[in-house]
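Paired with subunit B in one complex and with subunit C in the other, subunit A is shared by the two complexes that follow.
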Partner chain A sequence: MTTVEIFVGIFDGFRITATVTALGLLFAVPFALIFGVAQYLTKGAAHLAVTAVIEFWRSSAVIILLFVFYYVLPVIGIQLPAITVAAMVLGLNAGGYGSQAVRAGLQSLDRGQFEAAAALGLPRGHILALIELPQALTRMAPTFINQFIQLIKGTALVSLVTLTDMTFRAKEIAELEYNPVGVYTSLLLAYFVVCYPVTVFGRWVEQRSGGRKGLTNEF
Partner chain B sequence: MNFDFAFAASTVPTILGVIGTTIGVAVLSCAGASILGFSFEIARRAGSVPGYLMRFAIDFIRSTPVLAWLYFLYFVLPHWGVTLPALVVGILGLSIYFSGYLAEVFKAGIDAIPKGQAEAAKALGLNRIDVVSFVLAPQMLRNVAAPVGNHFVSILKATPYLAVIAVPEMLGSALDIASNTYRYAEPLTVVGIVFLVLALAIAQGVNMLERKLLGPTNR
Partner chain C sequence: MSDGQSMRQAASWPAEIGQQHGARGPDQTAAVEAAALNKWFGSFHALKDINLAVPQGGRIVICGPSGSGKSTLIRCVNGLEPFQSGTVRIGGVDLTRDQKQLQKIRRSVGMVFQQFNLFPHLTVMANCTLALRRVLGKSRTEAADIAAHYLERVRIPEQAHKYPAQLSGGQQQRVAIARALCMNPKIMLFDEPTSSLDPEMVKEVLDVMIDLAADGMTMLCVTHEMGFAREAADQVVFMDQGSIVETASPATFFAAPSQERTRLFLDKMLR
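And then the complex of A and B:
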């Protein structure tokens, strides 16, 4: 096999990589929005409960969560396809990080935004949906894009629970013929080809929002 | 098959027995990633050809999964005649993967120093080396301490990836128990809880450090 054939062979797995990423987003986006807003609005015991759920998903090692759910769910009688378990674990882990960006975005808004809207008589729900969230989410856009890249890269884990993503394909090809340099360089390149456009897009978004400064100090 | 709590408890000593490996790997990888990341950032600041090459290298590292790096080093280095213990390969892999993020931390840490600091030091007659080591470096270290601490937690949570290249850390020893006894749920749940507690405790420590560094006098 030439290096090009190896690369194409690895890219066969892109379908699974993309599917897990997309399914993961279905878990990550709602989780980040609901729990981020809930952590921002709640107080007392409810706040602690919301924080505990977020910290469980955010502070655990994602590879361990994947193994735990993959092996423990069947024991307690829940049979799910590997791809669902993987998408759920990767998605909720990413969602845990995302929720912190949502909360931080909401907290960073000027208090006057809320006060002005309340003075105009808008109900709390409308203030959140029409005034606070649009500004918070725009402000945190670069962070969300970084977390999206983390999610794509995280899908490499699904190769450990027998899904034939790009990493799994690389290991299959590595068993067929001895060419570690070709196989694993192609694997790194395959992820680079997928993630780099997102990185460039993220940088463009960041520049547009004026968050990036030039190099200043001489070091 | 039910969840056997007695068996779960019996796996705790074995898993906790290698907690030192996990923490040691995390500390060494964090040191390695900081040294690499700082060097990359300095090279990136140099501008012209090395600057652009470094910018690309950092983007490449940030666009590729840690699992792919571990496989690459584990299978390609022996092919090039470099045979290292799996533990060293793992530390090297984590150092390279996280160097891309640490480079961004150092960039932000350097950019945050007001430009006037270097100008004032130069005006006082300090030479370039003195400006860097006595004026810029101490301020940068204070700026980066908290973010490096946060990345230390991320690195800690990435150490179980080393199980895939047969490093005997906590996830690896849990999987060993599982494959010897055909009981996966118990050891994996134990390692999951141990990791969650460890990560939360260290994150708490980093938060305290952050508060101390950014206390009422600074900023």
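And then the complex of A and C:
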């Protein structure tokens, strides 16, 4: 097999990598928003409960969570498809990190923003949705892009629960043919090809928000 | 909205205001009334037994040394700061901690902050129309008309499409005033509206405030602009260490304050 053939073979797994990433986002984005906001708004017992859920997903090792949900849950009669387990575990892990960016973004806003909006008679939900979140999310955009890249790279683990992603394909090819250098270099390249455009996009987003700040200083 | 324009034509307003105010006769309900108001931050007694009434059309200036509780008092008036005892009435309605009621009261109480607090992600126009649309349910065009009227009134022409960061401090503060006026408030609260402005921009903001006073707006202003107090206020309240030390007409306040603490403060201020 030529290097090109190996690379194309690995890219066979791209569909799974992309699917897990996309489904992962479906878990990650709502989790990050809901739990980040909840952690910002709640106090007392509710705050502790929200924090506990976030910390569970954020601080557990992804690989262990994958095994637990894929291999242990069936023992108590819960059988989830591998792709669901993978998307959920990776997504909620990324969402756990994302929630912290959401909360930090909200907390970093000047208190005067809330006060000015409240003084106009806006209800709490409107203040959050129209004043606080738009500013917090823009401010945190570079962090979200980084976390998105982490999610893509994290999908390499799903080969451990039998999904034929790019990493799994690389291992298959490596078994057929003794060329570890060619295979794993191609695998590195494959992830680079997927992630680099996102990095470029992230830089563009960062520059755009930085550009606005530049404008601010100018006047 | 139209009363705003009619009063613009008033030529020599200070005399006229006096007459107009007198012509209203003894006033019905006070616009703002704080009675036996006490506020603590933890164990720190920030407001001590405050009694203050702002009549409709009244223009009250609050001054006093840093940390005397001026901001805290003004923030209690629109419920931005909760208090532990006493009452605050806005137009005869008791301020409670019920959020729905607070929201309703806040519609009729405009507030202008030292740091402007414009929404940086929204254009000048959107800053002004946001609450009109979301709180009062006005249509886009109706809200835009109202905003344009008040932006003109604070002399911000042709800047409606810009973002706050593209304006000077003085312009930003005037937009903040317009944003508050859009809700057609019964009273305006100002917390040191000129303190973070460069000296050359102070006047443009004070001019707008003086205009408002001339139009009969009820105003409660924390400010150290003694010129403004002299010209536009009908009462000056001096606070120190959480208490109201002295309340007097501007003439008496500056010429013959009755309290030693007031004299010391004025000596420092006017030196």
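Following the convention adopted for this analysis, the second predicted complex is superposed on the first by the 210 of 219 C-alpha atoms of A that agree within 3 Å, B and C clash if a C-alpha of one lies under 4 Å from a C-alpha of the other, contacts with A are read in each partner's own complex, and residues count from 1 in each chain.
Assume a residue touches a chain if its C-beta (ideal position, glycine included) is under 8 Å from a C-beta of that chain, and two chains touch if they have at least 3 such contacts.
Bear in mind the structure is a predicted one, so any value in this text is a computation, not a measurement.
K.L.:
Identify the partner contact of A:Pro134: answer first if only subunit B is touched, second if only subunit C is, both if each is, neither if none is.
P.N.:
The second partner, subunit C, only.
K.L.:
Could you say whether A:Gln79 touches subunit B, subunit C, both of them, or neither, answering first, second, both or neither?
P.N.:
The answer is neither, since A:Gln79 touches no partner chain.
K.L.:
Identify which of subunit B and subunit C touches the larger number of residues of subunit A.
P.N.:
Partner touching more subunit A residues in the overlay: B.
K.L.:
Which partner does A:Glu115 reach: the first (subunit B), the second (subunit C), both, or neither?
P.N.:
The second partner, subunit C, only.
K.L.:
A:Val62 in the overlay: touching subunit B, subunit C, both, or neither? Say first, second, both or neither.
P.N.:
A:Val62 contacts subunit B only, not subunit C.
K.L.:
In the overlaid three-chain picture, which partner chain does A:Thr2 touch, first (subunit B) or second (subunit C), both, or neither?
P.N.:
It touches nothing on subunit B or subunit C.
K.L.:
Indicate the residue numbers of subunit A shared between its subunit B interface and its subunit C interface, in ascending order.
P.N.:
215-216, 219
K.L.:
Okay, in this complex, where on subunit A does subunit B touch?
P.N.:
So the residues of subunit A in touch with subunit B come to 55-56, 59-65, 67-68, 71-72, 75-76, 149, 153-154, 156-157, 159-160, 167, 170-171, 174, 180-181, 183-185, 187-188, 191-192, 194-196, 199, 213, 215-219.
K.L.:
Any idea which subunit C residues touch subunit A in the complex?
P.N.:
Its residues touching subunit A are 78, 80, 99, 103-107, 109-111, 113, 115, 117-121, 130-131, 134-135, 165-168, 176, 179-180, 183.
K.L.:
Going by the contact rule set out above, which residues of subunit A touch subunit C in the complex?
P.N.:
On the subunit A side, the touching residues are 110, 112-113, 115-124, 126, 130-131, 134-135, 138, 212, 215-216, 219.
K.L.:
Name, in rising order, each residue of subunit B that touches subunit A in their complex.
P.N.:
So the residues of subunit B touching subunit A come out as 1-3, 41-42, 45, 59-60, 62-69, 71-72, 75-76, 78-80, 107, 110-111, 113, 115, 117-118, 128, 131-132, 136, 140, 156-161, 163-164, 171, 175, 178, 184-185, 188-189, 191-192, 195-196, 199-200, 203.
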